[in-house]
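Please read the structure below before turning to the comments.
Per-chain numbering from 1; labels A, B, C and D assigned in written order.
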Amino acid sequence: MILSGPMESQAPVAPRLQVKLPIEIRFAETDAMGVVHHSNYIIWFEAARIAWLEAAGSSYAAIARDGNHFAVTALHVDYRRTCRFGESIYVAVALTLLRSRQLAFDYEVRRRDDDALLASARSEHVCVDLEGRVARIPETVLERLQQVGLRS
Amino acid sequence: MILSGPMESQAPVAPRLQVKLPIEIRFAETDAMGVVHHSNYIIWFEAARIAWLEAAGSSYAAIARDGNHFAVTALHVDYRRTCRFGESIYVAVALTLLRSRQLAFDYEVRRRDDDALLASARSEHVCVDLEGRVARIPETVLERLQQVGLRS
Amino acid sequence: MILSGPMESQAPVAPRLQVKLPIEIRFAETDAMGVVHHSNYIIWFEAARIAWLEAAGSSYAAIARDGNHFAVTALHVDYRRTCRFGESIYVAVALTLLRSRQLAFDYEVRRRDDDALLASARSEHVCVDLEGRVARIPETVLERLQQVGLRS
Amino acid sequence: MILSGPMESQAPVAPRLQVKLPIEIRFAETDAMGVVHHSNYIIWFEAARIAWLEAAGSSYAAIARDGNHFAVTALHVDYRRTCRFGESIYVAVALTLLRSRQLAFDYEVRRRDDDALLASARSEHVCVDLEGRVARIPETVLERLQQVGLRS
């Protein structure tokens, strides 16, 4: 499946709904530097945007069952501070762009006790069908996301 | 440990040594979309830059044993086409920036049979010591990387 | 480090404290069969025994900070039913053996809505120090585990 | 899908074809104990049996494309010695049981330089179709495996 292509030209949506997903750091997520391996943040971001969709009233499991996926087309991560097993952290996530076939999310990973910023990130997605072709976001999902994702 | 900070101002190094690491896609790396989950590319990039360092005569295992790590400070990935279990792919990697405390690598994931580009990426790193403090890249390593990483 | 050796001959401890850890299935944990890849259960088991230790008043992060780890020496898993992204599950865990240097945990993975058994498992562990040598479980930890792990 | 059920009663097949798969330990596979996290062995075992099937002339990618999977029903692992990033290891794998709907593989993880045994394991599998129902192993695959898996 071909994922790339020029981003559509509408203005980005101002975020409204923000979800904070607490993360229990798993020992398996650490590496021999003694800190969480950077690849695990990518999986946390996915968990966070799925929690966001759930909070927005659009279960990703239901979207997938209905034959669509939000394939990742780009990922940008800035790692500021490492974190360790035993630390309490969360991922804050918000929808920052919404088009008929595309969306993007912004993320921040923060420590729970002092809110220190550990990482910030952005992921871009295109809606695809089961054959991997670019598809329109299902109408009911799009409307739902526009409602909660547009600043009131 | 604090990883961020302004990048130093020297000009980037033109790449010379390029390494192509064949990847055997693991079934465990696929997801319910039927394709490789995007988080695994991050692990392939790491394997590729470690292969590059090995090819450059600087074993990362030795660097780590001597008390240094190249912590990831930023990651940028563009996913163009998905790939599936059973496909033959490789990661091409080159050093694209080298400073006394920082380096960066560029990556391309390509199919082996038709060289189709699946993803391109860049990772930025800072050298840290065992306590996670920013440190100079060990002199012998730096010299080695300058030799093979500078265009002749 | 050498992990093996004959198990010590004391009778196994009857379990008392049981902990049920809810698991949010991550999309990254699925595979191209459409179900959760079997390797992820191993990571859930670890998360469950760490939650058990926490509930027992013995933080694994503190044990590790004090210089000990419970290295896995054996693993036995029976997979009964697969599970999918979107399903609600939990891991029930209990301590089933406790010696001066060894412990073992039993696990069951169950669906939340009908309690259907998805998998059962057992992990065996030996206490090691930072050099990986077999070591006695720290006295305060051992006492704590004996109290909550012995049937009243 | 329901994976369990009594094993069929035929005698196990004596192994003939043995495959040794070299493993490049990935830094991402290490944990904060400084060694490879035990969950990664499970993924190496899968890579090893897929390499075995390939060597036996039965590509797992082709089996999957034709609509079958070898779901894991049981896993037994004995961890003897830990291993670290930078060490050279391999997994030796052989088919040890073959029935019309079931198979099992044995594994050994060994260091390359001194052949020291790091772990031994066994995995049991049932053939399933795309709906996850237990199915006969495709006839051509079964014949192929009987030929290479039976002691000459």
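Please note the rule applied: contacts are C-beta pairs under 8 Å (C-beta built on N, C-alpha and C of every residue); 3 or more make two chains touch, one makes a residue touch a chain.
Since the structure is predicted, the reported quantities are computational estimates derived from the model, not experimental observations.
Looking across A-C, C-D or A-D, the interface that copies B-C in more than half of its residue contact pairs is found at A-D. The greater number of contacting C-beta pairs, out of the two interfaces A-D and A-B, is seen for A-B. For this pair, chain A with chain B, the centres built from the Cα atoms lie 24 Å apart.
Once the centre of each chain is set as its mean CA position, chain B and chain D turn out to be 30 Å apart. One inter-chain figure worth recording: chain A and chain D are separated by 35 Å, centre to centre, where each centre is the mean of the chain's CA atoms.
Counting partners per residue, chain B has 27-28, 32, 35, 39, 43, 46, 64, 85 as the residues that reach two or more other chains.
Chain D meets chain B in the complex at residues 24, 26-28, 43, 46-47, 50, 59-62, 64-65, 85-86.
Those residues of chain C whose C-beta lies close enough to touch chain B in the complex are 27-28, 30-32, 34-35, 37, 39, 84-85. Taken in their complex, chain D has these residues touching chain C: 1-4, 32-33, 35, 38-40, 42-43, 46, 64, 69, 71-82, 132.
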